[in-house]
Structure formats: structure tokens, C-alpha cells
Amino acid sequence: MLPECPASFFLCDPFGAVRGAIYALLSAILPEPLPIVIVTALAIAMVTTLIAIIVMSQVWAERRIVGYMQGRLGPNRVGPGGTLQAIADAIKLLTKEPLIPREADKVVFLLAPLVVVVPSLMVWSVIPWGPGLSVTDLNIGVLYVLALGALPTIGILMAGWSSGNKYAVLGGMRAAAQLISYEIPMVLVVMIPVLLAGTMALRGIVEEQTDLWFVLALPFGPIAFVLFLVSGIAEVNRSPFDLPEAESEIVAGFHTEYSGMGFALFFLAEYANSFAVSAMATTLFLGGWLGPFLPPFIWFFLKTYLVFFVLVWVRSTLPRVRYDQLMHLAWKVALPAALITVGLTAVQLSLNVVPGTAPR
Amino acid sequence: MSTVADSAWLIPVPTLAAFLLIALGARRSPAASGWLTVGAVFISFVLSLNVLYETLAGVRIEHAYAWLPVPGIPANLQAALSLGFQVDPLTATMLVVVSSVSLLVQLYSVGYMHGDRGYARFFASMALFTTAMLGVVLGNNFLAIYIAWELVGLCSYLLIGHWHERPEAAAAAKKAFLVTRLGDFGFLLGILLLFVETGTLEVSVITQMAVGGQLRDPVLTVGVLLVFCGAVGKSAQFPLHVWLPDAMEGPTPVSALIHAATMVAAGVYLMARTFPILEHSPAALTVVAVIGGGTAFFAATMGLISRDIKRVLAYSTMSQLGYMMLAIGVGAMSAGMFHLFNHAFFKALLFLGAGSVIHLVGTNDMFEMGGLRHRRPVAFLTMTVAALSLAGLFPLSGFWSKDEILVAVATTQHLGDVGRTLLYLLALATVFLTAFYMFRAIYLIYGGRYRGHAPDHPEPWTMTVPLLVLLVPTIVSGFWGSPLLGNAFATFMEGHAAPTAFRLDIALVSTGIALAGIYLAWMMYGGGKTESGAYATKQLRPLYTLLDNRYYVDHLYNWIAGRLVLGIAWLAARFDSLVVDGAVNGIGAAVVGLGSELRRVQTGQVQTYAWALFAGAITLAAVAALPLILGARR
Amino acid sequence: MPDALPPIYPITLQHGLVLGAALFAIGMAGALSKRNAITVLMAIEVMLNGVIVTFVAFARHAPTADLTGQVFAIFIMTVAAAEAAVGLAIVIAVYRVRRTVQVDAADTLRG
Amino acid sequence: MLIPTDFLLAGAFYTFAATSIVGAIGIIRARGIFRSALFLVLTLASVAAIYVTLGADFLGAVQVLVYVGAIMVLIIFGIMLTPQQVELPDIGGPGQAAAAAFVAVALFAIATIVITTSQWPRSTSAAIDVATTQVIGTGLFTTYVLPFEIASLLLLVAMIGAIVIAREE
């Protein structure tokens, strides 16, 4: 483990160092409110750029990995090894003609992708990339992430409803039912790291894992981690829980009628969410940026992409579940398991028998 | 010092867990349910033994916990509503009795109930019952005791009515529940009275107040007598005894556990627990002694003529419980508890033995048995020893405790000469009757030739082993309180040297009387004869009829419930329909007239009502805010 | 230097209370005038939100920092959740029987 | 010289207050019940933001989680499960609307007068500097444990009741 980063140690925390330098520079020439505003705006701009890069890298990685697992090549024409394929796709989507069905409720139809994508991007503002390295560190960080995770449901329902297409309505209702069903075990299971760390601030949770990653907090850490991953996959509608967009049953679900820009936004939201789930898994259970030798943010990305790899792996391995199986899993397996795990963790804490944490 | 006794509250936990596990899913596997319960009770039993061991070494514990610390409730009320447990000789002894008998009975049930449709339900109820009973024994205040006490009542209802598809069983279960509830109502009133008077529910605190003289007559006497009501109901003492014979409709292991060894003993235990309070009220002591002595004799007479083996044992139980109450009533609490301790074992043994032969022949009627000593030698041997013990023959356990009670009655300071002599004679008569009816049963079941037609079939080991195990305490448990060991039990229980010494003359008299009873039984029924019994019945027809109708107490209750109550109800109904209804109808007619005019206001539209509601509220608000509104205008 | 500030801020207790009252009043207007039972339920949620805003404003400006107002806000949310669940269940049950969710169609109680 | 935090907070408060009121009016005025529901989402989200400006960050997150994430989805489900009801005229007759508007305006007027003319205790202008989550949690489990238990019971009863009422025979 690296010792606490000195603010000026560039290799240890390059972004923090740069931000400190900019802030110092600005405060020398501007009155107080402005430097912090500018630095924050810069951070937001940086994270926004990061989103684009990360999502493109994810799309490329996913298609290549799935291709490899299915015994084919995957995209390999645009750019070296197909790395620029995502950019080509994006250009294609943006230049397509946006179609709006005649039966559609136009305003709602156009707003829906925004309602889905904005909360997905807002989550990124609290992801702790490294010590002291996030746009902001809310002391209710976990709750903030969960609350934002609830918002896209409305957007999906809006998209389904306003399309004026029965497959879209069905897809929207499926998605909403799925999201609120898995939200409950998700909320419960996220309480376990919160209980263990004693804080809801994401940075605080990572720092509490210095001695022991919560995934290893026996006996409930591993169970909670698995439950979190399962609920997380369901929350972002990825295979094997991608029923809302099951082609063979309901065309493309709630975004059947979307093309061009609208579709691009749903696509962006899906990958932004996948990354957010991976990042939250890393933060809550895998010790976030903690790790030896390498700079913290490298560790963070390593772990997050590892989790993302697991998501891809699951996608190309497991068949889609049936709708009743999905609900059965949520209400009869995940929810009781989460309840019991949280309860027993609380008991464990009150008896002070958690391995690796100091008695409180 | 950390001891097992410190964690005595854990003792009911395994059985409770067993109950929950069965209810939550283990019920799908009957075998798992049965062995789960047995295992749980075994844990409780081992813990109880540890607690008894530590108590013998001098450990005494009392803990209370506030179970719902809610701000805003006065502190004294919170303290009163605490739950807690204590460990003292009384509790430790009862823990061992309850858990050991429960363990053996449940082991026996694994075989006896095999193939029953409600097998898992049966064990769930048994586990909960054991939990409740252990709770009664552990509870240190009236609230805890009362909660567990009612849970015992509930479980007895479930278990007596186990075969609820049989109307008699369902009726018996209801009867047991309602009759005991009657007593429990008195118990609750007593608790409330003592609470109002003392401001606490903790038995030890109330005891101190009784000793210190803050708690006086008449509240003291009325309070303990009301508490005694609960004991009368649970322990089936006159006049609330009517449920116990009917309760034999339940499966035999239930009878063994509830009606012989533990639940009915809860009443005696309660009186023993409150004895330090009770002994400050001579009047209450007299009532307890008279009811106990009376029930002892009265129940024994009813046992003389019953054809049903389990009913004989039930009457015997009532009679013996009367004995224990008598002992407590004459101020010999330790003698009563000692008898309770011994009785639990040999009565459980008798019931289980009876269950063994009932299981074999498929009937409870002793006149259809006979000659079963060849088919069930173990049951024959063990039941005979237990019957000898119950009759009070040296050196079996019954001898020592019965004798101690007789000595206590003969030498008590609490009653006048006449009362003492009467109760003593009553007790001796009961000894005779007890010996007679027990050996009548033994001869009828095991003597002579088999009079029925059921085929022989082997018995599972789980039913045989408990009989043999119970034989051990039946023989030796009495020595704990015998003069050979210096009355160790009484010393342990009361904390000082025993007040009642062994008296050879009384021992000889009672042994002689018991032998006479056995001899008479042999004369009448020896070798499986049934004719002389029939002859006696014919000669003493009126007495037989009286006994067969159980002194008409049930009839009296039916008459009270059926005629008196219904008659009063009829009168009330007439009054209601003529006077009250007349007035109501008159008012009603007036309202209908008015309403038919006013009904147009009712649009049926919920929003109209809501509007009226808000408009009214806003008007009120406007009136209240009028000064402010005027002020604003100014 | 708070004393030198223009009166428009900081936001005072009265701002929160007026906002709460406004939400409550608008919600009430909706609850009393809309015909679709589900809209009525939604309007009631707005009224409840008005109440919560009032509580939170009081909590913000209370002299003690024990946040009683926020605790009560949580209780109101609990009640709101329960109300929405039961209300919608009733609406759906009514719809199943009468094929309508108009509140003025349910007037069996008219005198 | 501005105090930026207060200035930003005040600006946020006014913005979100305005959007919440716009949303609330939108619920009544919207064309179609689905749009009403979307306006309600707007109101609820704005109110959540107002909680944050009033120092109730925990409550704001809970508002979004509970109201938007659960109650609104439930309501939209209700809308989707009761078809053929969407396009019907949704506002009562003119008399009903006028009566409703009258009580609403009267209530608002009275409340505003009372609020503005009353003497309130001098408020602390400094933001509450406490860990709201912790304080609320402690409050729920100590001082308000009894209401808390009753609320739990209420939820249980509502859940069972809703299932029983809505279940198909």
C-alpha cells in the first residue's frame, strides 16, 4: 500500500497535483469564489471527456471480447485493431435522420432519452477515481448514486409510452418492473459496505478498506458482492437480464422507435451505467483505488475494467432468463438473501466480530 | 464469575428455535421435525443440569432487562414492564424436571406418533410448549410468568386438540382452554392488584414488601388468592378441575407431558414461587390447604370407577396435585415441591407405559385389556414399580415425599386441631384410594388373560427406552429428600434445615394403609377378575352413579351455562327488544324522516365531501387568523 | 457580513413556508377538481410534499439541531408510500369492476 | 460583495421553487394523465432539490429514491393498467373547478398572510452543520422509536392490504 499521497507528489496523484497547481495559480489572480468554481467546472469538463473515452473503449472491448468468446473476430477494420470503430458508429448514428412516429407524443418522445442519460452521467460526479480525486465527495454519496439509479426508470417509461407502439409500452413496463424489483435488493446490499465503513461517503468507504476489502469481510462480504453484481446487471438491463429489449419477443423494447441521436443517447446511457456499476462494485467492495506500487487511479481502472470484463463474460455465457424467472430471482431469492445478509452483518457488527475492522 | 446460570435465559432458546424451524420449513420432513425437537430439548436438558449443578454449589442469580426503552414512559412503569429471569433452587429443580421429562416424552413420541398426519405440527407444538414451560419457570416477574403461562395454555389447546378432526378432541381442547382461562383471569386480576398496590411486578420485590409489612391484608390475601385462581385452573384443582379428564382426548405423550409432569405442575410451581408472600396470609394458606386436601380425596374417588386407563391416571394426577397444594397450604413448600419432583417422573412413566399398551391394543378401556404382561414386559415392570411408588411404598420415591407431606399435615402450626385432624384423615384416606385404584388398573391391564382381539406387534425402541430411563428416577429420586441424606432437598429448597422430620409412626401407618389398598385391589381384581368389580358396582349403585357423573360438577356447569345464563340472556333480550328497541326505533323513525329531507346534500361524490371538509377547515383557520388578517390590512 | 445583505437572501423560514403553502394549495385544487382517480392521488402527493417542505423549512431554521422536522418528513414519506400503494390498489380494483377510474362515476353512496 | 454560497443557495431555491410550482400547476393543466404524471415527477424532483438547499441532503436523496423511484413508477403503472381512461376530459365541470380554485386560493391567501405577519423566532442564518443522516438515524431509533415502529406496521398493513385489494380472484 502506498502511504498517504503528498499533494505535490505528481506520480502518486497527478490529477490532484495538477488541480492543486491550477487552484493555486487562479487564487493568486482572482477573488475567492471564482477559483473554486473554475476548478470544479474544469473537473466536470474532464469527467465528461472521460465519459466519451471510456464508453468508446468499453464498446470496443466488449465487441472484441464477445467476438473472441464466440470464435469470431469482432470489429477490426477502423483504426488499429478496430479501436476507432466506436467513433465511426457514433458518426453514423449522429448523421442518421431522426424519425418520430406519427402516433408519438413528440415532446415526451424527445425528452425521454435525456431523462435516461442525464442521471447516468450525474453518477460520475461522485466516483472516487483516487484519493481526493472526484468532482465532489458527498457525505451521502451512496444514497446519491442509488437515487440517481432510480431516475432512468421514468425515462424508460416515457420512451415506451410516447412511442405509440405496443411493443415499446410492454418493453417500458418490463424495464420499469425489473428496475424497481432489483432496486430493493440493491439498496439493501449496498447497506453492507455502509454498515462496515460507518459512512455513506464513497471516499470514506474506500479508506475504511485499507485493512480489508469488504468483499473479503467474511462471511457476508462475498455474498453481498455477488448480490450486488447480480442486481447491478439487472439494473443496467444487461444480458442475461436484458428482457426489456429482448429482440425475439418485443422487437427492441422501449427504444424500438428510436433512431439516430435518440438511440445514441440510450446507448450511451447503457454503457455509462455499466461503467458506473463496475466502478461502484470496485468502490464498495474491491477497495477502490487502494493497491500497492501503481498509482491509485491506475488501480481503480484496473479493478473497474476487471469487473466490466466479468459483465461481458456473463453476457456471452448465460442465456436470457424468462420473465417469471427474473421476478422469482428478485423477490424470492435476492431480496430475502439481501435482508438476511444485512441483518446478520448488523448483528456481527454489534458483536464486534467482523474480521479486519477495528471494533467501534 | 461467569456461569452457565448467568446465561440461563438461553435454556428455552433451542426449543423455540426448533419450533420456528419446523414452522418455517422443516415441517416438510416429519422425521427431521421430530429429531430436531428431541435434539433441542436435549440441549436445554444439558444446560438445565448445569444450572442445577451450579445452584447446588450456591449460585443465585436474578437479572432484569428493560425490553422496550421508550422515552416518555415513566421510569417506574418501564422498570415494572421489564422482563427477566432468576436462578434459584426452585427454578433449577423445575428446569431439570421440565426438560428431562420433555426430553423423554418427545423421544417416546418419535415412535408413538409415527405415521400421524400432523407429525410435524405435533412436534412444533411440543417444542413451543416446552419453551413456554421453561419460560414460566425462569421468569422472575409476574409479567414474564404470565406471558409464558398463557403460552402454555395456548400450547395445551393445540396439543389436546391435536386430532382436531375428532369432535371430542376439539371440544376437550376448547374446554381446557376456556376453563383454564377462567382461572387465568383471576391470576391477571391478582397481578394487577399486586401491581397497583406495590408498583412492581417482580416477585422478589413483592416478597420483600410482604416480609417487611408494607403489603398487608386484605390486599395481600385477596391478591394471593387471585393468583391462586390461576394455579387452580392450571393444576386442575376443584372447582376448575373439569377440563383435565376430558383432556385425555389428546395423544398419550401429550397427556404424559402436559397433564402429568409439567403443565399442571405449573400451578403448584406458581404457588411455590409465591409461597414467601402466601405464608404471610393465614387465611389464604387455609384456603389452599382445604382446596388441595379436598381435591386430593375427591379426585381419588372418581378414579375408583373409571374404565379408561388414561382417565384413571388423570384423576390420580389431580389427586396428587391436591396433595402438593395441601403441602403448600400447611406451610411445607419444600414437601410439595419434593412431591412434584418425584411425581413428575413416576407419573410420566405411568402415562408412557399406558401409552405403550394403548398403542398395542388400540383402546383406552382397561376391561378390554388383560394379560398384557407377556406382550409388554417392560411396560409391565416399569408401570408396576411406578404404581408402587405412587402408592407410597418404601423405598420408592413416592414414599419419601408422600410421607413428608403427611408429617407436615400432622404437625402443621397453621390450622386448628380440628382442621389438622380432618385434613390428615383425608390425606390418609387418599393414600388408601390411590393404592386401590392404581392396582386395580395394574391387575386389569396386566393380570389374567387378554380380553381383546388386537394382534401383537413390536414396539419401536424410542418408546421402550424412555420407560427404562424413567424407571431410574422413579426408584432413586426420593433419596434426595430422605432422612438418609438428611433431608437434603428441603435444605436446598428452603435454604435452611428442614422443618419436618421423618416420623416412623406415620410412615408405618401410611404404608399399612397403602398395603391394605393393594390387598383390596388384589381381592377384587387379582388375576384379571372383573366380576367382583361388577358386583360392587351393582351393590353400590347410587354411589357409582354419583362418581360416574363426576359428582355432577360438569352438569352443574352446563346448567349454569345452559339455563341460568341463557335465562338471564332471555330476560335481557326481552327487555332489549321491547324497551330499548322501542326507544331506538322511535328515535330511528324520527331520524329517517329528517334524513329523507337532508339526504339531498349527499351527492355521493367524494370530492364534494372533501371540498366541504377543506372549506370548513379553512373557515376555522380564517377565524383563528382573523386578528392577523385584520392586522395585515391595517 | 449577513447584516449588509439585500433582503432577498439568505432564504428565510417564511420563504419555505410560503412555498409549502403554495404546493399544498395547488395540490388541493387538483384533488378537488380532477376526475381521474389517479390524478387525484397525484394531487394528494403534491399536498403531502407541501407539508414536508414546511417541516424541512422548520427543521432548517429551528434553534436546536435535532432535525425533528426531517424525521417527521420521513414519516410523511412512509405514509405517502402506503397511501399510494393502497390508493392505486383501490383504483385498479374499482377499474376492474366498473371499467372506469372517474371519481364521479363512483357515486353509489348518493342519497 | 457577494457571499457566493448563500447567493447560489438562494438562486437554487428560487429556481427550484419556481419549477416545483410550475410542475404542480402542470399536473392540473396538462393534456393527458401521463403528462400529469411527468409534471409530478418534475415537482417531486424540484422539491428534492429544495430539501438540499434547506440543508436536508439525506431527505433529498430519499425523496428521489422513494417518490421518483417507487411511488411515481407505481402511479405510471396504475395509469398503464387502466387503459381507455387517458383521453377522457379530466377536469370536473366549471362549477367544481371554480369551487376548488376558490378554496385553494383562500387557503393560500390565509396561509400567506399568517406566515408573513407572524413573529417567527429569529432563525439561525448559518447552515446546519450536522451529519443529517446520523442525527435522523439516532432520532428514529431513540426518541421516535415508537412512531417508527408504528410506521413500519403501517407499511406492512398497507402492503398486505394493497395485495389483497388488487389481487385477481
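Order as written gives the chain letters A, B, C and D; numbering starts at 1 within each chain.
The criterion applied here is as follows: a residue touches a chain if its C-beta (ideal position, glycine included) is under 8 Å from a C-beta of that chain, and two chains touch if they have at least 3 such contacts.
As the structure is a computational prediction, the values presented were derived from the model and not from experiment.
Simply put, of B-D and A-D, more C-beta pairs touch at A-D. Our note on geometry: chain B versus chain C, Cα centroid distance of 56 Å, whole angstroms. The geometric centre of chain A is 63 Å away from that of chain B, both derived from CA atoms. Rounded to whole angstrom, the centroid-to-centroid distance between chain A and chain D, based on C-alpha atoms, equals 28 Å.
Counting partner chains per residue, chain B has residues 607, 611, 614 touching two or more of them. Contact with two or more other chains is made by residues 58, 62, 70, 77, 92, 96, 99-100, 103, 107, 111, 116, 132, 143 of chain D.
Among all residues of chain C, those that touch two or more other chains are 28, 32-33, 104.
Every pair of chains meeting the touch criterion is listed here: A-D, B-C, B-D, C-D. Interface residues of chain B, counted against chain C in their complex, comprise 595, 598-607, 610-611, 614. Looking at the complex, you find that chain C touches chain B at residues 28, 31-33, 40, 103-104, 106-111. Listed in rising order, the residues of chain A touching chain D in the complex are 32-33, 37, 105, 108, 138-140, 143-144, 146-151, 153-154, 157-158, 161, 169, 173, 176-177, 179-180, 183, 187, 200. Looking at the complex, you find that chain B touches chain D at residues 70-72, 607, 611, 614-615, 618, 621-622, 625, 628-629, 631-632. Residues 1-2, 5, 8-19, 21-30, 32-36, 38-39, 41-43, 45-46, 49, 52-53, 56-57, 59-61, 63, 65-68, 70-71, 73-75, 77-86, 88-93, 95-96, 99-102, 104 of chain C are the ones that touch chain D when the two sit in their complex.
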